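There's a structure below that I have some questions on.
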Amino acid sequence: MSTYSPPNQSDNPYIPFGDQRSAPFYNKDILSVLQFTRADLDYIFGVAHEMREMVTRVGTFDLLKGKILANLFYEPSTRTSSSFTSAMERLGGSVIPINEVHYSSVSKGESLPDTVRTLECYVDVIVLRHPEVGASALAAKYARKPVINAGDGVEEHPTQALLDLFTIVEELGKVDGLSVTMLGDLKYGRTVHSLARLLTLFDVNLKFVSPEILRMPPEIISELDQKGIPQSEHFSLEPVISETDVLYVTRVQKERFEDLSAYESVRDAFVITLQTLNKTKERMIIMHPLPRVGEISMEVDDDPRAAYFRQMEYGLYVRMALLAMVLGKA
Amino acid sequence: MSTYSPPNQSDNPYIPFGDQRSAPFYNKDILSVLQFTRADLDYIFGVAHEMREMVTRVGTFDLLKGKILANLFYEPSTRTSSSFTSAMERLGGSVIPINEVHYSSVSKGESLPDTVRTLECYVDVIVLRHPEVGASALAAKYARKPVINAGDGVEEHPTQALLDLFTIVEELGKVDGLSVTMLGDLKYGRTVHSLARLLTLFDVNLKFVSPEILRMPPEIISELDQKGIPQSEHFSLEPVISETDVLYVTRVQKERFEDLSAYESVRDAFVITLQTLNKTKERMIIMHPLPRVGEISMEVDDDPRAAYFRQMEYGLYVRMALLAMVLGKA
Amino acid sequence: MSTYSPPNQSDNPYIPFGDQRSAPFYNKDILSVLQFTRADLDYIFGVAHEMREMVTRVGTFDLLKGKILANLFYEPSTRTSSSFTSAMERLGGSVIPINEVHYSSVSKGESLPDTVRTLECYVDVIVLRHPEVGASALAAKYARKPVINAGDGVEEHPTQALLDLFTIVEELGKVDGLSVTMLGDLKYGRTVHSLARLLTLFDVNLKFVSPEILRMPPEIISELDQKGIPQSEHFSLEPVISETDVLYVTRVQKERFEDLSAYESVRDAFVITLQTLNKTKERMIIMHPLPRVGEISMEVDDDPRAAYFRQMEYGLYVRMALLAMVLGKA
């Protein structure tokens, strides 16, 4: 679908399951975190919470029986691809995985619009992962069927931002009033950019902890300022850890540093260990978009505050909700 | 199955859905366009039309529930592979995708007959794409389960030819009496060869438009002559466009030309634009096997005569029909 | 699941289908042939036999409807992967194929425990193929969901050993009292090692026929000795073929030999032809784990003693049984 219009039922965010072609998000695209109002988020998370309950109680159900999803991945992402596949299958639908687009028509020079217009002859909804910024919007412009952006380029990965936020909601019961600390590579990390933007819809306090060369980009800082979000920057976790409700950890990649010694000198300051846990609130959560490579010590995994694997599971429920919604079944 | 015998119910081409092991094509292989009589085509297109109606009305149905398809692709083809996958899933069946045969047993030196005899232990029907001429016939010789040729080498891609013809039938309501113009690379294009052969079963008029070096091969010309098909060759679309009912466009590949200037000099004569549309009948269709890379201008896409994306959709119905038929359910 | 405890219902090995969370193997891992008692095997083969009957009678059934399998393959194996996929689909379940782990998070350096803990958020059971010894045990240690070893490194491929043994049971009606001859590469062949170990639970007679440089490893010989299994070694099939009930053929790879002439001199002695059949019992079976590359002549395939393609089919039933069992449905 080429145009997005916000749902008009924001006062009544939750509607029981059923075939509701007048429902919000029916036949809409999911392209950007910027498309959502706070009422939209309430609605999405209401449906995602129902999905969680139903998976817990009965495992799967046939809400999308007979529907087919094209999982069109122009770059590999096992995690995201598996999550959407599971979401569709847990709802009784089927999936056509298209992982090797580098081998296929696409490599013969076919344009994204043509690929999408061909695929939509076979399926009911398209999930697209693409290395280029704007690819999802382009696909959605030509497709008659709904398109869900599963990450395109450095900017947008809206379902990741939604699952991050849903994790906070489910784990801590609210978002307003929380102190959210983002740690690690805040310059290149698309997940922290999207989450920060989504959090502007709430009454939160943001703290950014990063090495000097990986600070949150000034344009995002200024965007948050304009929305009136209290924020502060730090080069160490120490001053903010004790008041943090949500610690969002990302990976500091060696390759970002010009020389190895600069990397070595900061590395340990951005690793979460049992010692870090000693300084936190008793009720707080540690998140990570995964994969991690050493930035959270494995000994932390068994602590109830370690929410990163549960975060993956919340992702399943959010994607189930989105699929059901755009297909008019939620 | 190793032998093909034509259906003997040609007077009564359409039979309602149900389990009919005596039905034509039950447990038969689909290997070549040459295997079909005109009565076969009537039967196949009758079933395919039913599939179209049922998909339009209810989306999917469980005709092949519990049946499993092995999608065995020795060379990549996203379009064909996705189409068969969707066809099976829209009928309630399951698919085992085997796309990476270059990594697998096959690359350990296993023969095609052994691969097929192993796979058929797991599935009910095998769709085979292979770079070598005759691969499907070889597979069918050893398999007890039905084999469908999804393209083997330069010669045969029978389901493509069937979907091309079905497109004409559904779009124009008939084949007899039509003037069909094939444009572009007629020398190497397997789709135009197969379609031309299939059209000999009908009362049509064929026009071939190509650069000198990409003319329809003499053996096909002579084969059509023997069947009494009126045909003519041209180096430009101009003289035939106004009387054309079906314009079948294929890609003229730069690599076919010895020097770039020869290519540049002919290229524009084989590109379809809005100007081309001005010269056509009001009721005619433009087809293309896709992918296209510039040989039909995108501005043409919105015209009702542009049938190439609908053509993809007809492919789904033809493949649904074939799967249901060889599994005895249509 | 990290711990394996043997089933405690060995006196009553077969239980009709149904949801039985107290059933043996519910939520257990399948990691090694060493984990099974003879009672376990009776139980597994009882369920596998039921699966065979049900597939023969009705094709598929919905025992695992709504369940999802992650087919996590760190190295390609079309045969094993397709077999598990079919097993899950024949039981009405769904599959998430993860074949390209070299492209994915894993290649970004993610640990196997993290990959498994992420995947299990999406699925109900994990089948793992991995090039390293012990990978399955490591995965099972961290996973809450059951893990099935589909081959890890040179040692273990327990479902292959189970299907080999099940083939013998179904084809010959018993295992006790049989003379089993293993032929070919007995040094590196993981299938013959596992099968030999599993056979120590029965009253069999083992004969090993191999070139000098590919003899059964001394540690296995001694392991079998300790279990009191009668065994003998030979460099030619001639002396043992006439008394063999099960001839298990494996491939002698050229690469194992230092010089080509050594290979050439022994090769023909390890090829099964119609001449070999002339010397065997009338009721015996020839097995092979496949793929074969010349070590059994194709002319042998049509003989009823050639059991190797049926062996693939028995593999389907064993894997259906294991999936149903670990998911508490058998």
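Just so it is clear, A, B and C label the chains in written order, and each chain counts residues from 1 on its own.
Here is the rule we use: a contact is a pair of C-beta atoms (placed from the backbone, for glycine too) under 8 Å apart; a residue touches a chain by one contact, two chains touch by 3 or more.
From a predicted model like this one, the values you see are computed outputs, not experimental measurements.
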| item | value |
| --- | --- |
| Turn needed to bring chain B onto chain C - CA fit, degrees, nearest 5 | 120 |
| Copies chain A and chain C touch via same or different residues, half shared test | different |
| Geometric centre distance via CA averages, chain C-chain A, whole Å | 41 |
| Overlap residues in chain A, where contacts from two or more other chains coincide | 97 |
| Chain C residues within the chain A interface of the complex | 65-68, 70, 94, 96-98, 100-101, 103-106, 108-110, 113-115, 117-119, 121-124 |
| Chain C-facing residues of chain A, complex | 58-61, 76-79, 82-83, 85-86, 89-90, 92, 97, 99, 290-293, 298, 309-310, 312-313, 315-316 |
